[in-house]
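What follows is a set of structures for review.
In the two complexes below, chain A is the common chain; its partner is chain B in one and chain C in the other.
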Partner chain A sequence: MTKWILKGLATGIKTTAYPSVPETAPGVSPGRPGTTYFADKDMELIKHCPAKALFGKAGSVRVDYRRCIHCFQCTRTEGYPSIDWEDGFEWASLAGYPERDQVSITPLGRPFSRSVHIRIVDAGACGACMSEIAQLGKPYYNFHRLGLFVTPTPRKADILLAVGPLTDHMRLALQKTYEAMPSPRRVVAVGTCALSGGPFGPSFISGAGIHETIPVDFSVPGCPPPPLAVLHGLLLAAGRAEPVPLKSRDSARDNPGKEVR
Partner chain B sequence: MHPESLVLLILALCGFGVFLSLILPDRFNRTVLALIGMLEAAAMLMAGAGLLLRGMSFHLSLWQFPTLGTLSIEGDALSGVFLSVTAIVLFAASLYATGQIKKYLGRYSIRRLAIYLHLLTASIVLILTAADALLFLLSWETMSILSYLLVNYEYEKKETPKAGLHMLAMSEVGTMAVAIAFLLLAKGGGGFEFSAMKATSAALSPAVRWTTFLLVFFGFGVKAGLFPVNSWLPRAYGVAPNVFTAILAGITLNLGIYGIIRLFPGLMPMNTPWPGLLMLITGSISAILGILYATKENNLKVLLAHSSIENAGIVIAAWGAGLVFLAQGHRIIAGMAFITSLYHMANHSLYKGLLFLGAGSVESGSGELDLDRLGGLIRRMPWTALFFLAGSLSIAALPPFNGFVSEWLTLQTLLQAPAINSLEIKVAFALCGAVLALTAGLAVTCFVKAFSMAFLGTARSGRARKAAEVPFTMRAPMGVLAFLCLLMGILPTYVIPTLDRAVSPMVHESVTQALVPPFFTPKETHEKLPENFIADFHDLGAQVGKDVLPGRGLVVLHRGGKKNPVVFAMSTSYTLAVLLLLLAGTYLAAKALSTGRVVRKRTAWDGGLRRLFSRMTYTATGFSNPVRVIFEAVFHPTETEDVKGESVVRHFRTAIIRERRETHIVERIFLVPVVSAMRSLSTLFARMHRGRVNLYAGYVLMCLVLALIFIKTLEILQ
Partner chain C sequence: MRYHEQISRFKKWQKDPASSGIDGLSINFDQDIPALCLKCPADRILEVASILQEGRPVFASLVVEEDGGDWNLGYFFYGDSNEGLIRLGTSVPKNRPQLSSLSHLLHAVDWHEREVEDLFGLVFEGHPGLGDFVLHEEWPEGINPMKQGFDALTPYPHREVSPRWRPVSLVRARGAFMMPIGPVYSDYAESAHFLLETVGEDVIRTIVRLFYKYRGVEKIAQTRTVSEALLLSERFTGTSAFAHSLAFCQAIERLWKCKVPDRAVALRTFMAEIERFRHHVAAVAAIAASTGLGVATSQAAIMEEELLRLSCRLTGHRYLFGLNLPGGLSLDISDPDLRGAVREAREVLQRFQDLRRLLTYTSSFLDRIEQVGTVSRECARTTGLVGPVARASGIVKDIRKVLPYALYKDLEFACPNEKEGDGYARLRILFDECKESVKILDSIAGRLPGGPVRTKQMEPRPGAAMGWVEAPIGAAFHWVRTGKDGRIERYRISPPSFLNWHGFHLAAERFAFQDFPIILATFGLSVAESDR
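Up next, the complex of A and B:
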């Protein structure tokens, strides 16, 4: 045991300092296709996306992150101009569903700046998202240092963290959980499945995401999103982080010709 | 009226009650039993109050028993305490009986029940006022047999006769032991009168004293439910009629305690601390084992029965501590311990009577006593639930109810052990104190379980779902007892001086002064309270209510020397006021904070289940399982597994039957070896029975020859 203590003291603190210091460690994120959009006359690339995340608009190919499973198919398909692969992990944003009024979505705000309780519901996920979320409690990410806690009951929860495509069997449970939460409450949907049904839905066992049943406030795309992306989403919901604007998309819109190769 | 005429009045009322039961048709007996029972209780309460509060006493010769002596009755303050407690429980049980025994009409004879109960009352009064061993033993035996008959009342049930016979056998052994002890005492002195025994008991040899003590302690311990002789208690309580269970726990259990208390130190002063220490240790073991089995138990009545063992254990432990202090010459502390013991005895009678009546109501209302199959009764039986909650809070020793006062005083008394000058006894005191503290903690667990599993949550069976509230005549006695529990809890400063009247003749010292300082009347009393002491406590609020309330004060406080002016202090009366203020304040604050806000109401959180079946909810077994696992060494369960499979293909099992059996530790350790020894002995003797007349004639001849040889040898030796 002495050995452990000495080893621990010698190792020192390895916990990441995110968000006060930008995370620079390699491998914290698998990355995702950049938001570059480019002209593709035949729209052939779209057919190669197994998740149907690519779509054509005004002669350009764009990425729908609610569907993307970052499978690398779009960058590695031979004979087509490759899409940029973007590193980084601050992917969380306001959930952009057309049926939800964007203006009404606000973060929790000041009283929750140092203590937020989270209720996690696995609404039929494959397990990848849950394993990434589980990393948050471990020494490297350690989200308790930020005042984020998991609670076993929705009665004390401020944030509902939902993963999975929402199978029919979990629909009522998720709804009851949401109704049992006191306001103010925010819903963070984590993962491609929770946002759009992903590879599973809509199908005969599940719908096309959480938003069909309960209003989703914040979304964390990714399949699975890396732990820091989930952390970013939680901080966003707590009002302690800002959504990162999609720079490349804006720049691409400014000079679209540049992307065509 | 004078107590002696009241005692005679009770006996007359009992006779009248028996007479009425015999001549009236059975359908009237219910009402007549209740009316006469309440009259008896009222007379008994008046007699007890007269003996206790007004300090009266009497001595009355009843009958000259041929060749053996005079049967006489006598009353003093100690009898007064027990008579008053008995009267209260009897009153409640009699009133309760009108509603409760309705279900026996046409099935069992109510006449029989009424006659037994009246005779039982008479015998109890005679036990509590007996002035000689003869009358005491006669009434004790009557009481034992009547108890058996009452336990065996519902004789058609399968388990009743067995439990009844178990009880009868154990109490007869106890009575025999007590009778031998009385003979030993009578042999040393003038006769069967207690006063004569008292005069000569000091001259007895140590061996005789010890024998007497052990015989009396374990003989009376059978009725009081003490450790090695209590295996009958849970069984008998479990099968007795509900009215009688309250009487068993609230009255006859006290008789065992009364027997022990009357003899030690009253009749036979002990000059060594060891008997007291034995009582303390036995009491502590009873207490912890009682509460362990209570926590594990799922049948409400049996749970309460095990808890009675626990409470009797606490009473005896406190009394034993008092005897140790008395033998060591610490009279004040001994008096404190005795008062504590009597206080706890009275408390136990009140709340256990209440809880048994509550359990009876649960059974009447829902027809179910298994906690695993109850639940949610608070919505169907709100009054019963309220009174049962009061009883549970009392027995779990939570302020402001009465259990808190006596258990707190018990622990405080045990903490006075540094005054003793022997290291072994100090260690024993510390260990017993720890055991009793653990008992108090487990009692909370046990009664959280008892109340919540019966009354809260969802109904776990159809019967519990269709439960109905009991009629007023059954609710009222519970209400009375619950109110008395609260009263005994918030007015300890009035109860302690009253009990002191019974205790001070035994310790030859008044303890009131040591426990209840006269904060209300510092000028009038001759006892000295230092001025600055009063001033300090005045600032703390100890004199609030001085002009309104009579008595000495509302603070229980034991003063020490210069170094520690206050050894211990508390006041449940003021605690109650503070608690009420806090409750009201919290309510108002919540109200103020929630005004002007939208309140969203949704169903209770059920884990998101599609449908919450009552089967899925927490059961009593699940609640107490941690205790069961931790104390597995005590419970010592034996598990058997039986696999049912097809004979052709053995590996395909159709069912696995797993059975878990538990034998009560007392039966396992004490009763089973005795029974098996007796069995093997009788098998040995059975070999003599060959069935031939010639052989038996031979036995007779052999015996005769042996007897003659024996007598001749004696003659030669002399």
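Up next, the complex of A and C:
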């Protein structure tokens, strides 16, 4: 046993200091496409997006992050200039569905600032989102240091983390999990599939996201969102981080004072 | 009789059809697939299958296609040497969709037949376990979504499940109890449901209920363009996305007669091995976690995250999404970057081997995985296990060796195998394969050809072809049929997890209940990959 203890000590601390200190290690996040100003002829790039996540607005190409699946077609299609690629991972935001009153969505608040319990439901995810969520409990991210825990029962859960397009066979399980949670409770939808169905839904067997069945409070877009993006979403739901708009962030030209990362 | 002898016998029959003694058996070689195709009337399929199984072929896939008024069935097999595929084909009329089940001859086809019965409505006579499988009990009987005419994009109204519905339990003994596990877990596990029939501590029977995550990928791929279907092929299972998109691309390239540039072939092999390395490191982390060995879990998890970051720096994506394209890769990776990646991979491997040494000297860990979850060689063969799980049970089958693709023909690497078939043997295989993967990375980076990584020369051609890879979990086969306009007409994925889940109950029975999570971890299967 001593060998293991020594091994652990010799490894040192690997854990990120986020959110106190910004995390900039290369490879923690794939980044994502951002608002880009193009010449008119290049606006056709929109047509090359297989996820239909790009749209044009005021001479710029913008991205609907609920649909973007990181296929890189907008930066690696020959004959077109590349879309601007943003670094960073603070992608979480309010759910942003028109049918839901966004003003009514509030974070959990002060009683939860030191201890939040999370229930995870895999509603048909490909495994990448689950793998990224699992990284949160591992040394590089270790979300226990922030008082975030995965709970063995929905009765003790404050946040429901839902992943996947919501397959028919998981609908009942998701509903029951949500109903078993005491209030106040918040739902965080993680990944493009959970937000819009991604490449799978809507279809005969899967829906167009979690919000069709249970009310979604916060969104973490990405395919898959890197661990720190999920962490940002959890902190947001706990009232310990600031949201960013779900649609492409305003570019420097719209908002000269605001820094674009 | 060996597989190659079987092949030469069929080739003899191909020249002289009368010598086979089976009425209506025709044999020809299909260049497109490519496979040696045996075609016989439906009432002769048992006879031909029993001749076929003398050569001890390994079952690859069952592909069902609609052809006018008929159902065309193709059972695919491969052997232990590089002799290519065999397709055993037959057809049945749609108005009488019945044929003999092959599951008692070739047990590996068992689950494939159940799947076909559920999704296509074909009835396999003599099959012991047809019924709700892919589509659970709330789905109406007689509605088969894979049939033409069933709308893939409209939500389908379901009936309610009868409140009287209960899973079938067989164990009748004092104290017998059916323990349900899942589909929602208290940690990060994927959705799957296990019903363990226990008497006291012992698990007598294990029922695996899958397809909670069924997304109908094969159905929704139909009528899509190749580039749209590519997204499905890599995203139906995120943790081995590169391997599966490679199989899909290879099928398209074979069908459309497209020559992939040498550099792309080498880079694809490189990335596939990075993915295998990362997958196996994650699998070892899961095994350590299942035994409650905290430091070892953390150590392996650190390496997993480092390999994820390495993948991201090389290709822009932590899970290698968006890299494969029919005709090559979307991105070139410079030689210095690759050499840097190999250096890093070697350094990670070094620490991974240190971890192995520590694990082998930890008796509390070995006690929990040694002689636990044992699958005998015979059982592994008959249930058609593939990949590291099969290699731990003494079956030396690796698609990279028996059906070489990409660069594997020219590479020197060993195919590790063990005989015990227990959890520890499976763990050793994972460690050994990582070593071979890094060896492959090393030899590719040393002699990478120059040139482009993508060819544009591709003419859509109607027809069908098979693509295959050795995914991290085992042999994966992707069948793609495209029409004149280049759109997908049929896409069939035979993932390794599906084959291995079929044999999983063998390992999980006759052991104590607390061994179950450990056996599950040593199998290291993906639910998303199996469910599609």
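In this section, the second predicted complex is superposed on the first by the 222 of 261 C-alpha atoms of A that agree within 3 Å, B and C clash if a C-alpha of one lies under 4 Å from a C-alpha of the other, contacts with A are read in each partner's own complex, and residues count from 1 in each chain.
What we mean here is this: a residue touches a chain if its C-beta (ideal position, glycine included) is under 8 Å from a C-beta of that chain, and two chains touch if they have at least 3 such contacts.
Bear in mind that the values here come from a model prediction, so they are computed numbers and not experimental data.
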item: Contacts of A:183 with chain B and chain C, given as first, second, both or neither; value: first
item: Touching partner for A:155 - first (chain B), second (chain C), both, neither; value: first
item: Partner chain in contact with A:127 - chain B first, chain C second, else both or neither; value: second
item: Touched partner set for A:173, first chain B, second chain C, both or neither; value: both
item: First (chain B), second (chain C), both or neither touched by A:199; value: second
item: Partner chain(s) touched by A:25 [first = chain B, second = chain C, both, neither]; value: second
item: Which of chain B and chain C A:233 touches, first, second, both or neither; value: neither
item: Comparison of chain B and chain C by chain A residues contacted; value: C
item: First (chain B), second (chain C), both or neither touched by A:8; value: second
item: Which superposed partner A:221 touches (first chain B, second chain C, both, neither); value: neither
item: Footprint overlap on chain A, where chain B in one structure and chain C in the other make contact; value: 121, 153-154, 173, 177
item: Chain A-facing residues of chain B, complex; value: 600, 602, 605-610
item: Chain C residues within the chain A interface of the complex; value: 136, 138, 145, 150-156, 158, 183-191, 211-217, 219-220, 227-228, 231-232, 235-239, 241, 282, 285, 293, 295-299, 301-302, 304-305, 308-313, 316-319, 321-323, 330-331, 358, 361-362, 526-529, 531
item: List of chain A residues in touch with chain C within their complex; value: 3-5, 7-8, 11, 14, 25-31, 50-51, 69-73, 76, 119-135, 137-140, 150-154, 164-165, 167-170, 173, 177, 198-207, 223-224, 226
item: Residues of chain A touching chain B in the complex; value: 121, 153-155, 172-174, 176-177, 179-180, 182-183
